[in-house]
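Have a look at these structures, which come just after this line.
Two complexes, one shared chain (chain A), two partners (chain B, chain C).
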Partner chain A sequence: MSGRVLAAIAALFLVLGLVAAGTAAAQPAGGDAPSVTIQATPGAGVSTASRDIATGSGAGMAILFWALALGTVGGAAFVLTRRNLIAAVMGMVGTFLALAGLYMMLYASFLAVIQMLVYAGAIMVLFVFVIMVLNRPEDEPWGMVGLPGKALAGLAMLYLLVRLVMLVWSVNVPDTALVAPAAVAFPGDAAHTVYEFGSTAAVGTSLFSDYLFPFEAISILLLIAVVGAIAVARPLNDADELPGAQPPAPTGGH
Partner chain B sequence: MLYTRLALQLQAFTPAGLAIALALGFCGLFTLLAVAVGPKSVNPEKLKPFECGSEPIGSPRGRYSVKFYQVAILFLVFDIEAAFMYPWALLFTKLSTTPAAGPGLPTGVGIFGFVEMLLFVIVLVVALTYVWRKKAIGWE
Partner chain C sequence: MNDLLTHIGYGHFLVLAAVLFVMGVAGVLMRRNALIIMMSIELMLNAANLTVLTFARMHGDVSGHTFALIVIAVAAAEVAVGLAIVVALFRGRRHVDVDRLNTLKH
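Let's turn to the complex of A and B:
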């Protein structure tokens, strides 16, 4: 039991180690290759106005991508193979963190930070609480049993696989896919401040101008989530606890 | 060549990567050292769960009250609310500045950004009030 938890933590460390190694490998190597000048913009976090960086970091970026891809798939495989649910959640956190790294490679640094804060932080907490609430020794994973069930599951997986392959086949990657998208300018701004695409400031610029109504609608959505949370945990007929459930574990007994 | 701009952008996160690498390196190193070098004497008494010297009461695998889950969802909601304030705070100066009336004239101060976030927060204050009235925060 604890061995599996240790294995989960070790896997998490491995993923993070790969991320760190990839980050280090992403350092542009010095050399006398032709260089490009890049104008640093506010929000990019680069202090110097412009820098020359050498080419030759493509291999490092490829290593970074494959390390993160391995971390994502490895974490998912870890989740699938664990019988200990807490260990599975740890594998899921590894997947989330590797995904955050992939988002960062897609110029979505704000999304990457949110991925870490909300998914690796809050959603993980939610999963752990679900496991704690539903924790019963007799709970066995529900599965398709018998030949018809297995045939149905197999067909469903085959359908999913075919659709995925069709999707990958149909996507036509343009040559400019690896070039950073255009920076975002703030509307009505006299100074024409531009922000690096995907940065927090650029996301905010879109959110608070073009997508103002969806932004305000999010607050309604969050309100609905609060009402749902209250409704799902309301007492049934003044009986505070479900019959058979243990009372809340005493806390602070140290 | 195509990757160079991305490399520059990721370079800004090098300190964070370095901090993660160092933290994991030290944690892993000392864990491995403890496993490899530390003395081991295994007996049934030492493998028992330890709870401040007391005898464990019941199974740690029991079910918990659903209220913990409720608290987790409420935390998630207000966590996401805070996440939306992050870009807003970064752009607040920009959102509070009105364009100048003409070239050379100073820019004005507006309440656009303030009202935007005020509307957002008011709805969530309604949510907080609802939670409060339903006595979901607070424990019996």
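Let's turn to the complex of A and C:
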């Protein structure tokens, strides 16, 4: 298969992820009253029955989930198998967008938007920039050196998958599975404001009240990462600033 | 079986996250390009995020969302530093094949 065909398939994954994310965004909003639950008592503002994913819109949600799951796993398969790095990155973006749709299904609307902005936006651009610098497809993606070790690794991954699935399958799922979560209140709040689950206001209130220290620590970490990235990627001397460029002609004072 | 296909529960999300995580592990263990390995690490972080958000939904607790947000921020920092290391490696060696990056071994 030529590179263009692969790029087209990757673009298909991208479109699939986008459409699915859009559909998932539209789904919870449709069919029930605007559920801004400020000044409501917990649980009274949102009618749980009409927002039940499983029973409220059964088949549609199932189709949506399987489409998003296909996008997720298909994109990951692209990352694993493609020689062309751009195709791999596009598969990764498809995975991220499909995951944003899944976050929407889990009522994590704020996190879904952040997922699209940070992963499908910023991190993808960073990867594409580095691929532009490198611009060299792999000789042999899977590498036949150390084949016994790789067979062992495959077996170990199979074992890991089986154990993980056994672990999560034994999770005690409550009977009220996938009923829309109740509105959220915070104990320290004197005004007893109630927020919709997963909304920006709820996440922000949690972030700036209970988790203020991790938030500040993240700001320090990002600062260190920026400085560190510049320090690591900076050329050690001027001669290899441009890869493949001729060394500058001696011009007297240097 | 039909019920498993049409009745989507929390287990579906958790198993999907497990599959995604194992695919990320496969990428890290089997691919040779350092960039692909970093993408696979991102896949694993996203699988962990999906698990966290599923459990947050299950317990109706927004703290899980805060946790996922912090994971995303850490992933962004990790990508920035990791890609800088990849660029620095490429500048010196003209390849980013981890099977050939064995200077410290010999």
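Convention: the second predicted complex is superposed on the first by the 162 of 254 C-alpha atoms of A that agree within 3 Å, B and C clash if a C-alpha of one lies under 4 Å from a C-alpha of the other, contacts with A are read in each partner's own complex, and residues count from 1 in each chain.
Here is the rule we go by: contacts are C-beta pairs under 8 Å (C-beta built on N, C-alpha and C of every residue); 3 or more make two chains touch, one makes a residue touch a chain.
Computed from a predicted structure; not experimentally measured.
A.B. asks: Could you tell me if A:212 is touching chain B, chain C, both of them or neither one (first, second, both, neither)?
C.D. replies: Once the two structures are laid over each other on A, A:212 reaches chain B alone.
A.B. asks: Considering only touches as defined above, state whether A:125 meets chain B (first), chain C (second), both or neither.
C.D. replies: Only chain B is touched by A:125; chain C is not.
A.B. asks: Check whether A:153 is in contact with chain B, with chain C, with both or with neither, and answer first, second, both or neither.
C.D. replies: A:153 sits against chain C, while chain B stays out of touch.
A.B. asks: Which partner does A:107 contact after superposing on A: first (chain B), second (chain C), both, neither?
C.D. replies: So A:107 meets both chain B and chain C here.
A.B. asks: Once the shared chain is lined up, is A:133 touching chain B (first), chain C (second), both, or neither of them?
C.D. replies: both
A.B. asks: For A:220, select first, second, both or neither according to whether it touches chain B, chain C, the two together, or no partner.
C.D. replies: The answer is first: A:220 touches chain B but not chain C.
A.B. asks: Just which bits of chain A does chain B share with chain C as contact spots?
C.D. replies: Shared contact residues on chain A (touching chain B in one complex, chain C in the other): 53-54, 58, 61, 105, 107, 110, 114, 118, 122-123, 126, 130, 133-134, 136, 178, 203, 205, 207, 215, 218, 222, 225-226, 228-230, 232-233.
A.B. asks: Where on chain C is chain A touching in the complex?
C.D. replies: Spelled out, the residues of chain C in touch with chain A are 5-27, 29-33, 35-36, 38-40, 42-43, 46, 49-51, 53-54, 56-58, 60, 62-63, 65-66, 68-70, 72-81, 83-88, 90-91, 95-97, 99.
A.B. asks: Which positions of chain A touch chain C when the two form their complex?
C.D. replies: So the residues of chain A in touch with chain C come to 53-54, 58-59, 61-62, 65-66, 69, 72-73, 76-77, 79-80, 85, 88-89, 92, 95-96, 99, 102-103, 105-108, 110-111, 114-115, 118-119, 122-123, 126-127, 130-131, 133-134, 136, 138-143, 145, 150, 153-154, 157, 160-161, 164-165, 167-169, 171, 173-174, 177-178, 181-182, 184, 195, 197-198, 202-203, 205-207, 210-211, 214-215, 218, 221-222, 224-226, 228-230, 232-233, 235, 240, 243.
A.B. asks: Taking the touch rule as given, give the residues of chain B at its contact with chain A in the complex, in rising order.
C.D. replies: 1-14, 17-18, 20-21, 24, 27-28, 51-52, 58-59, 61-70, 72-77, 79-81, 83-84, 86-88, 90-91, 94-95, 97, 99-100, 107, 113, 116, 119-121, 123-124, 126-127, 130-131, 134, 136
A.B. asks: Name, in rising order, each residue of chain A that touches chain B in their complex.
C.D. replies: 13, 16-17, 19-21, 23-24, 26-28, 36, 38, 40, 44-46, 51, 53-55, 57-58, 60-61, 64, 104-105, 107, 109-110, 114, 117-118, 121-123, 125-126, 129-130, 132-137, 178-180, 186, 188-190, 193, 196, 200-201, 203-205, 207-208, 212, 215-216, 218-220, 222-223, 225-230, 232-233, 241-242, 245-249, 253-254
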